[in-house]
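Report on the structure given below.
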Amino acid sequence: MKIAVYPGSFDPVTNGHLDIIARSRQLFDKVIVAIAVNPNKKACFSIEDRLAMLRLAVEGFDNVVCDSFSGLTVHYAASVGASAIIRGLRAISDFENEFMMALMNRKIAPEIETVFLMTSTEYTFLSSSAVKELARFGGPVTGLVPPQVEKALYDVLGVRFQPKEEADQ
Amino acid sequence: MKIAVYPGSFDPVTNGHLDIIARSRQLFDKVIVAIAVNPNKKACFSIEDRLAMLRLAVEGFDNVVCDSFSGLTVHYAASVGASAIIRGLRAISDFENEFMMALMNRKIAPEIETVFLMTSTEYTFLSSSAVKELARFGGPVTGLVPPQVEKALYDVLGVRFQPKEEADQ
Amino acid sequence: MKIAVYPGSFDPVTNGHLDIIARSRQLFDKVIVAIAVNPNKKACFSIEDRLAMLRLAVEGFDNVVCDSFSGLTVHYAASVGASAIIRGLRAISDFENEFMMALMNRKIAPEIETVFLMTSTEYTFLSSSAVKELARFGGPVTGLVPPQVEKALYDVLGVRFQPKEEADQ
Amino acid sequence: MKIAVYPGSFDPVTNGHLDIIARSRQLFDKVIVAIAVNPNKKACFSIEDRLAMLRLAVEGFDNVVCDSFSGLTVHYAASVGASAIIRGLRAISDFENEFMMALMNRKIAPEIETVFLMTSTEYTFLSSSAVKELARFGGPVTGLVPPQVEKALYDVLGVRFQPKEEADQ
Amino acid sequence: MKIAVYPGSFDPVTNGHLDIIARSRQLFDKVIVAIAVNPNKKACFSIEDRLAMLRLAVEGFDNVVCDSFSGLTVHYAASVGASAIIRGLRAISDFENEFMMALMNRKIAPEIETVFLMTSTEYTFLSSSAVKELARFGGPVTGLVPPQVEKALYDVLGVRFQPKEEADQ
Amino acid sequence: MKIAVYPGSFDPVTNGHLDIIARSRQLFDKVIVAIAVNPNKKACFSIEDRLAMLRLAVEGFDNVVCDSFSGLTVHYAASVGASAIIRGLRAISDFENEFMMALMNRKIAPEIETVFLMTSTEYTFLSSSAVKELARFGGPVTGLVPPQVEKALYDVLGVRFQPKEEADQ
């Protein structure tokens, strides 16, 4: 059985992440979506909230499970028997950072392969931080995150959604 | 009447910004140079100081006005009746970030177009942060910022300009 | 009146080109779509055919006209009174080439500005050569070129459209 | 059973290609290395020779087979029941071209995923054309291509290998 | 005598830095490896520790000396009579930042040239921050930093090296 | 004595090349500007003409000599005792190709270092092929090539320089 790990912050999960998860589960027998716990990086949502949102979002994907881990991604991947780490590439990506991580991970654990998949072009501009920036200023996030995440986003950020007509006045 | 918004931090305005403003006012009937107020980003100059410096710098440009705004750029652009957002590209730019912002803005307000103009090559290396870094260490900023900004920069940073000969001793 | 020239080979015009034309005509009073005649570059369609297809494609755009020219783009732009040259950027583009042309044009005619617009992300992968490559092998081009161009493409290339089911057998 | 196609010109196969094949066969149950026949692209080796060299090079890889095809890659991939197309990325790659092909292929056949793997950094500079350029001038290709390909390369190009000491005289 | 300065944070020195130092000393009569003191950038090691590690690492390189400086790099370079500033480029680099610094430095001191050398591909993924990230999670850094730095790294970060087998349990 | 080779096609030499030559001769005791003879690449000027133009252009640079060679660049560099190969980088360059060549050359001759220098930003858009394209259509090349090359360019291309006013009519 081929197992892949799809690591990330998922703060929060976006439709771009879901796009990659849906593609990954066609290629692997089992996909583990895993929140990397990084105490040095300030997150918007707690690990528990992120995990809960992820689980709602992947409901119905029978070969996908969600988890969280601390430490090195390759150590986690090895501990769950994965042969691949999944990363999504957008046409506009931070390639340098992606490739350096992939090569670093290969250096530590050569038996685990990083596999890059292209995100759908409709999500080219989409990232968790873009979504948070947008929501923070009361912009619309419908279609950018799963429906379950939408309301949580405004709640946590303490803002009220502001339709453009209203903003124009 | 075609109106364009040229948004930025302008902390402080540089000759590279002025280059883009001068180009934009040939293409549009009215250009609004607008300081985006971002409470999460620590600035060197206050909004008032930045606005005052901008106004001095664009003096004599009869179809250019200066303003500041908080919230989403596209909301502001819509509120002032703009059909375009101007962005300057240098040969060496953070294209990824520029294009993601442009696509995100299009998603929110498809009727407002982002227009990219090339900055003059003589300003390829020039950015507000490069200017501040330079001034902070007492380096020369003449020719990089408008004359009005020069002295303000050393004053605010609390440094004294240090000619190279002096530094060499 | 602000006039812009949108130059290209248009061999043939694609929906990506049409996307840029539609955006340009919101920004300028008049847009001239101009086929650059390059005797050193082997084209698939004749100038006459390309011009005819362009004209069909922009039908209904009241401030858009089509033309062809030989020689330098900036000379042509100056001769028709244009203040801007339009170029489309895709998230995946040959930026180097685009920026070098823009800077070269500015060197020859500093009063004409190159204006870059972002193509819609749904056309990120789309280019005239990609379309020809696709058609050459009997692939589907519906949605990639205007309907008028579709049939012409298979005719000129001398291939028959081959639905995937058929290809699979 | 998960089947992947690894398409290319393989003119000739290099150690960089072999690196990707070795990685792919850990991820998929079966890997088909497939020479894309392109009548418009002048090749150095015949299809037969390229196929023979490929077969020698992958000897011992029990889940790898070699083939050639004409037409669209996605049509071929569908005809052999593949769910993935493999592409190798080097730290220095023609990303634009790679990503445009991947998006174009997705447009035609959304059910087939393009999977990008990183080539080992020791092959960063390696390509079939670099190898041919090198061999053409009598440079050393040991370690860059499989041993079986080495002699064939000098034979086909009609040059004699020229050790550097000899060249220096 | 041609003197070159190789500036950096060296927090800590890596084998990638040593690779560039070894290349530089073949090209210049004297190479000064100089730690740029930046009070605004939080470092992991003190200036003294970084300097001590650097000195151990370059032992035996007879035309290399180590130093530290505050202020602008070009001011320092001029004060020590250097005609060149050395920068290492990896296949995956932050080119934008490198080139902007080089152009800014040329603006201030046109007589000092920035010279770019390619780091060995085996260090493509290697940076001081990658090494610290790796060590922080107990990953292996052997082969990435000089032996003298290895132990210091775990000590300063307060972690214990964790072999992968142990992590897998 | 440190010797550097600056290889290229120089078809024809531009002011961008001269900029790099002027910088190189400050760093090395002797610079050999060397035309790489490539029978597979169609040139505009003969080797003899290119060499003659180069020699006129570097007149007065006492530590610069001109030459031509066929075969591999590193073989030539070794034969003349060079320790470095010079390459110019523009802010807009074909980095991929440059870095692949540098790494390939290092693979063949590790003792010869490729040294990258930044071309002046005023020549960002300048290349031999851009100059030829420009001259071919009767555009102005003053300031882009040495005065000696200017007339030769129009003569060889068989065109007459066409001032813009004339072109506009």
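Letters are used for the chains, namely A, B, C, D, E and F, taken in the order the chains are written, and counting of residues starts over at 1 for each.
Convention: a residue touches a chain if its C-beta (ideal position, glycine included) is under 8 Å from a C-beta of that chain, and two chains touch if they have at least 3 such contacts.
Quick caveat: nothing in here was measured; it's all calculated off a predicted structure.
*Asks:* Fit chain C to chain D on CA atoms, both being copies of the same sequence, and give the resulting rotation angle in degrees, nearest 5.
*Replies:* In short, 120 degrees.
*Asks:* Hey, how far is the Cα centre of chain A from the one of chain F, in Å?
*Replies:* Comparing mean C-alpha positions, chain F is 48 Å from chain A.
*Asks:* Just give me the whole-number Å value for how far the CA centre of chain A lies from that of chain E.
*Replies:* Going by mean C-alpha positions, chain A sits 33 Å from chain E.
*Asks:* Can you compute the centre-to-centre distance for chain B and chain F, using the mean CA position of each chain? Integer Å is fine.
*Replies:* Measuring from centre to centre gives 37 Å for this pair.
*Asks:* Which residue numbers or ranges of chain A touch two or more of the other chains?
*Replies:* Expected reply: 91-92, 95, 99, 102-103, 121, 124-125.
*Asks:* Of all possible chain pairs, which ones touch?
*Replies:* According to the stated criterion, the contacting chain pairs are A-B, A-C, A-D, A-E, B-C, B-E, B-F, C-D, C-F, D-E, D-F, E-F.
*Asks:* Taking the complex as given, what residues does chain B use to touch chain C?
*Replies:* 2, 23, 26-27, 83-84, 89, 91, 95, 99, 102-103, 106, 111, 113-118, 121
*Asks:* Using the touch rule from the top, collect the residues of chain A that touch chain E in their complex.
*Replies:* Checking each residue of chain A against chain E gives 71-72, 74-75, 78-79, 95-96, 99-104, 107-109.
*Asks:* Can you tell me which positions in chain B touch chain E when the two form their complex?
*Replies:* 92-94, 124-125, 127, 130, 134, 137-140, 144, 162, 164, 167-169
*Asks:* If we count contacts the way the header does, which residues on chain D are in touch with chain E in the complex?
*Replies:* Result: residues 90-92, 121-122, 124-125 of chain D touch chain E.
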